[in-house]
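Across the two complexes that follow, chain A remains constant while its partner is chain B and subsequently chain C.
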Partner chain A sequence: MTTTALKEPVRETSPGAARAPRRRPGRIRRLSLPYLLLLPALLLELLVHLVPMAIGIVMSFKELTQFYIRDWGTAPWSGLDNYRVSVDFDAPVGKALLQSFGVTVGFTLLSVALCWLIGTAAAVFMQDTFRGRGLLRALFLVPYALPVYTAVITWVFMFQHDNGLVNHVLHDQLHLTGEPSFWLIGDNSFYALLTVSVWKGWPFAFLIVTAGLQNIPRELYEAAALDGAGTWQQIRRITLPSLRPVNQVLVLVLFLWTFNDFNTPFVLFGRAAPEAADLISVHIYQASFVTWNFGTGSAMSVLLLLFLLVVTGGYLLLTSRGRRTSDA
Partner chain B sequence: MPDSPMAPPRSFLWSRRVFLALLAAFVLTPVYVMVSSSLKPLADVTGRFRWLPSELTIRPYIDIWSTVPLADYFVNSLIVAGAATVCSVVVAVFAAYAVSRHEFRGKRVFTVTVLSTQMLPGILFLLPLFLMYVNIGNATGIALFGSRGGLILTYLTFSLPFSIWMLIGYFDSVPRDLDEAALVDGCGPLGALFRVVVPAAVPGIVAVAVYAFMTAWGEVLFASVMTNDTTRTLAVGLQGYSTLNDVYWNQIMAASLVVSVPVVAGFLLLQRYLVAGLTAGAVK
Partner chain C sequence: MRSIRAAAVGAVTLSLALAATACGGGTSTGGSDDSPKTLTYWASNQGASVAVDKKVLQPELDKFEKQTGIKVKLEVVPWSDLLNRILTATTSGQGPDVLNIGNTWSASLQATGALLPWDQQNFAKIGGRDRFVEAALGSTGVQGKDPAAVPLYSMAYALYYNKKIFADAGISKPPATWDELIADGRKIKARGKSVLGAEGANLSENIHHVFVFAKQHGADFFAADGKPDFTSPKVVEAVKSYVDLMAKDKVIPPGDAEYAQNQSVSDFAKGKQAMLLWQSAAANLKSQGMSEDAYGIAPVPVRSGTPGQGSQVNSMVAGINIAVFKNTHNLDGARKFVKFMTSDAEQKILNTAYSTVPPVASAQQDPAFGAPDTAVLKNTLATSAAALPQVPSESQFETTVGTAVKELFADAAAGRAVTTDSVKAKLEKAQQQMPAA
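Up next is the complex of A and B:
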């Protein structure tokens, strides 16, 4: 610190024709260095995210069927046709999309709420040290650490009609159902998907809330304890309010990940998900790769993106306003 | 709560016990099914479910390698995930260093743009990327579609936004005086980065590497579209155990376990770094 402070004035007060040309390249290098460092990240983001996104938007205005895939630039323009097909809720395509959208919204809300609730409860309960806490914490992170497909394949096995664990327990052992149920087809598939999603997703909430708890100053608890607040009151008055900023980010991230989840339903149901669990990502995949109609698929993706933008923007606006008023 | 002078009431202790026990059962059941089924003979997994194997056998662990070319898938996954991790970490270190230590125009735009790509639905750029890779292949002869290279390129960008974000937080926590001292001692900016900032941020870098590896190892969507028979990764290859007549559930569970052990073990060993990284970067 001191050395730089000493050096600066020396440089400023020694102007000279000989020095100027030497200084300029140095300054240019210093100015462009951050950009050079960012260049790889920027190029990759451009190549894999931003350019494809732009192409996707262009594609949504084209009649892009299997005949044009080799050279998609030559596909004829179709104006808003793809969008019209996607949102014509009386026709089969639009109707199916609307149904899928509804299922996805319901599924996401339930899954995020449950993941958040379980994750927060577990993190708060495990804030104190007790015997076996370290082991339990490692155990709780296993679903998060498992590769999605191995975890979901195991659930597929458990949900099997004839040889699965779920029916064995519910039907054979507890006699709760008259007949063994089908879990991966029909209406039950929604609950199967929700179970797997929560099983897989809550440890992330647990991880983030655990990290957030470590930033709550100890003095707050000590002061509350002196004031006579019991454990439950401390949780309600200190822990939960202090977690608010963490929760604001956590809920948004959980929402986006769950809403966009492809891996879980894809491994759980295969290419064609049952109607009750037809999440939007798989629906668009199906609409694009099974029918090879990339134009309509792209239009659906763009609509999805717009929806997510509006929701995210609205959410950020609401939560930041909430934060400001609570500060005031 | 931590070190509170009052002991928690019984109601708290009992709710904690009940809640954590139920949760542990929920978490462990699939893990138990995976482990126990992988040691069962085929008859045990095709008939009615049984909690205990009729006999213990390690047969499934031998058969998994011949039923499908699991070793090939394993090698493919290892190459793809390993390369994606290394590249992603290097790129993220450079970018995070620039954001953490330098003032430049467009800094905010950069961080916001990069972070917002994290929220894009994968399906949105799956189709265009698929077409781009096919067209780049046709035009230049560089095979991205169906090759490991294309998958590596794709996966490394998946973990990039979160990695950069987390590393910025980590680098910010390394005192600036340290690298300024290194600069004065004659290190260039890159020397300061590699001799001072990186060594001080090793836990954060490890955490980011674990995250990047897990992301690449577990991805299904792009793997299912962008690989062919020779480049197939585990994510897609594991589905090969379900033939039409018999589903070899014991082998599927054995293979799942073999595939999971490296990541789960690595994750559990390094999870304290991840929690520390999140504390420093994400939730600050």
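Up next is the complex of A and C:
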């Protein structure tokens, strides 16, 4: 690097005679240069994202079971069979997928709503300067900064039936439950999963909303205060409308992350999640890896991809249109 | 200008390099002898930890290197990852040369074609098929096909009991039947201890136990033609009677329903629980600080009479097999390594370290395996153990039925009734999830 930098000025003074005839190719070169520079990124994108996706889609049309995984080429084409099995809601596989889908939708809606609510509330409370604000902000971000596995395995210990902290507090100290409850198996597992997910997700909402709040001019609040608006009215009339573009992205990102979350349920429940907390990502993992049927697993993934595409597209369309009309 | 040109050249080079790596995936099939001086070996986690395994195995690998000049790269893979790692290696063709597998996976992995079949010729290179005990060979693949692997360590289930808790409760000898165990349980509970441990959320443990219960009820999970048959009245009854140990007989504490990380072994080692059904637990208990005099070991109970074959079976044939990956680059070295690991001398050293039983007949005769602990296991293996079904869909069976039992335990723990109908419904669902083949 240093040598080229040193040589550069020397080259600059070399005779300009050679420049004139090269003008035309030089222009082409200048025009093509951006594309050339983009090429590595494009190829990497292909390699890392698009090729695996394409292979996944191809796999979904194959009967890729344990008998063929050693040599994919020999796996017979199965047409739409994998999809038919996945969406046949009268048969066990389809019924289980539908049930898992329902659980995931309910879980995601609740988790995103709670993350957003807690994150926004905390950000608004932290807006005014007070002693210890920096410390509290840093503390709030801890769950987000912890490695997922470490954080979730700690929750596993806390949720244990016999020695867990949760039962110790709820049952032994507060006497809220007649019997110690099970959190990692059975129906309560849904609430255990929701708790961990919200605990892990709200700091991100807090972070983004805090950043968004910095862009709202203080004069607006001062003017509103002069006009006699209370705190609640200020939040409703100034803060929330100003945060709209931030929220649009925040809610979408939270939704996609929560819907696709694999780590949290997998670390909490292992490879066979209880029915009440059978999120779709773990369900697909089990359908493909544990039963060694990668074709059906891929078909389910493709269906999930389509669903998320539709939801994302619809969401962006709706929210953008809403914004345009309100702006007009 | 100069730096722009450099950037452009760099961009093109990087693109080409990327394209080249993308195309150049290895597609080698079949074994070869390309690298005769090295081997990669995936060992399963047999000791109390991965570190213990390395300490046990490394000196032996050094011995092998001295004898043959072949350097063995060791990786100890935890059980939670092993099957996934093998599947990934199978799919990509990039794997170890030699590996350990749980013997119940033999038929499933055999179906993928990823493992070297042990035909007459291959067996001849490691000293012949008849060096191995017949019971252990029964868990090496589908019957009538060349085995996909060779037995390495054998294990069996036994009943471990805490001598002090038994004495305090006034129980003079370990229970030989389930009814005795339940009766003893009442006395033990009266002393404030829990009776029997189980790993209710561990799918494999669940399978091992319901398999034995099914045998004792004269039932099988697979019909003779290899098709799953999970819902026959006898299978339902067998599964129900296992879950009833928690639901009805109350000998397994409800908290065990969520155990999956050997917590029941810890409970036993800490003296909180009187009994444990486990395979070759001695080394594990020792590492948790329980002295050998503190516990006794007896055969797993049966419904009535004494352990034997048929409905008197009281353990699965548990164990580890060693296999050669078909894509190995050192086929000859791999076979030499298997020969080394199954030699009498190594069998004695390794099986002693892991408190397992050698599947090699001549090594089994060694006095080192005559201690009462090993004697019970050896006797069980020889007379009253049965191999899990050797069918290609065995690993799916472990997952689906194991999950069904886990859910039944969850019901029992939550105080919900476990009935013949609820058991049958779960098993029906498990059967429908099995591959159609």
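Quick notes
Simple rule for what comes next: the second predicted complex is superposed on the first by the 300 of 328 C-alpha atoms of A that agree within 3 Å, B and C clash if a C-alpha of one lies under 4 Å from a C-alpha of the other, contacts with A are read in each partner's own complex, and residues count from 1 in each chain.
One rule holds for everything that comes next: contacts are C-beta pairs under 8 Å (C-beta built on N, C-alpha and C of every residue); 3 or more make two chains touch, one makes a residue touch a chain.
What you see is a predicted model; the values in this text were computed from it and never measured.
With both complexes placed on chain A, chain A has more residues touched by B than by the other of chain B and chain C.
Looking at the shared chain after the overlay, A:Leu37 reaches both chain B and chain C.
In the superposed model, A:Ala113 lies in contact with neither chain B nor chain C. In the superposed model, A:Leu317 makes contact with neither chain B nor chain C. In the superposed model, A:Val51 lies in contact with both chain B and chain C. When the two complexes are overlaid on their common chain A, residue A:Asn263 makes contact with chain B while staying clear of chain C.
Of the two partner chains placed by the overlay, only chain C lies in contact with A:Gln286; chain B stays clear of it. Once the two complexes are overlaid on the shared chain, A:Ala138 sits against chain B while remaining clear of chain C. Using the contact criterion defined above for the overlaid structures, shared-chain residue A:Pro92 touches chain C, although it does not reach chain B.
Within the superposed three-chain model, A:Asp162 lies in touch with chain B and with chain C [touch as defined at top]. Overlaid on A, the two complexes show chain B and chain C touching the same residues of chain A, namely 4, 33, 37, 40, 44, 47, 51, 69-72, 160, 162, 289. Those residues of chain A that touch chain B in the complex are listed here as 1, 3-4, 31, 33-35, 37-38, 40-42, 44-45, 47-53, 55-56, 59, 69-72, 118, 121-122, 125-128, 136, 138-151, 153-155, 157-158, 160, 162-165, 167-168, 172, 199, 207-208, 210-212, 214-215, 218, 221-222, 225-226, 230-232, 234-235, 238-239, 245-246, 249, 256, 259-260, 262-263, 266-267, 280-281, 284-285, 288-289, 294, 297-298, 301-302, 304-305, 308, 312. Touching chain C in their complex are the following residues of chain A: 4-5, 7-8, 11, 33, 36-37, 39-40, 43-44, 46-47, 51, 65-67, 69-72, 91-93, 96, 160-162, 179, 182, 184-187, 270-272, 274-275, 286, 289-293.
The residues of chain C lying in touch with chain A in their complex are 1-4, 6-8, 11-12, 14-15, 18-19, 22, 29, 84, 87, 90-91, 93, 108, 111-114, 200-201, 203, 254-255, 257-258, 260, 392, 395-396, 399-400, 402-403, 406-407, 409-411, 413-415, 429, 432-433, 435, 437.
Taken in their complex, chain B has these residues touching chain A: 1-6, 8-9, 11-12, 15-16, 19-20, 23-24, 26-31, 33-34, 37, 45-50, 90-92, 94-95, 97-99, 102-104, 107, 110, 113-114, 117-129, 131-132, 134-135, 138, 153-154, 156-157, 160-161, 164, 177, 180, 184, 189, 214, 217-221, 224-225, 234-235, 238, 249, 252-253, 256-257, 259-260, 263-264, 267-268, 271, 274-275, 278-279, 282-284.
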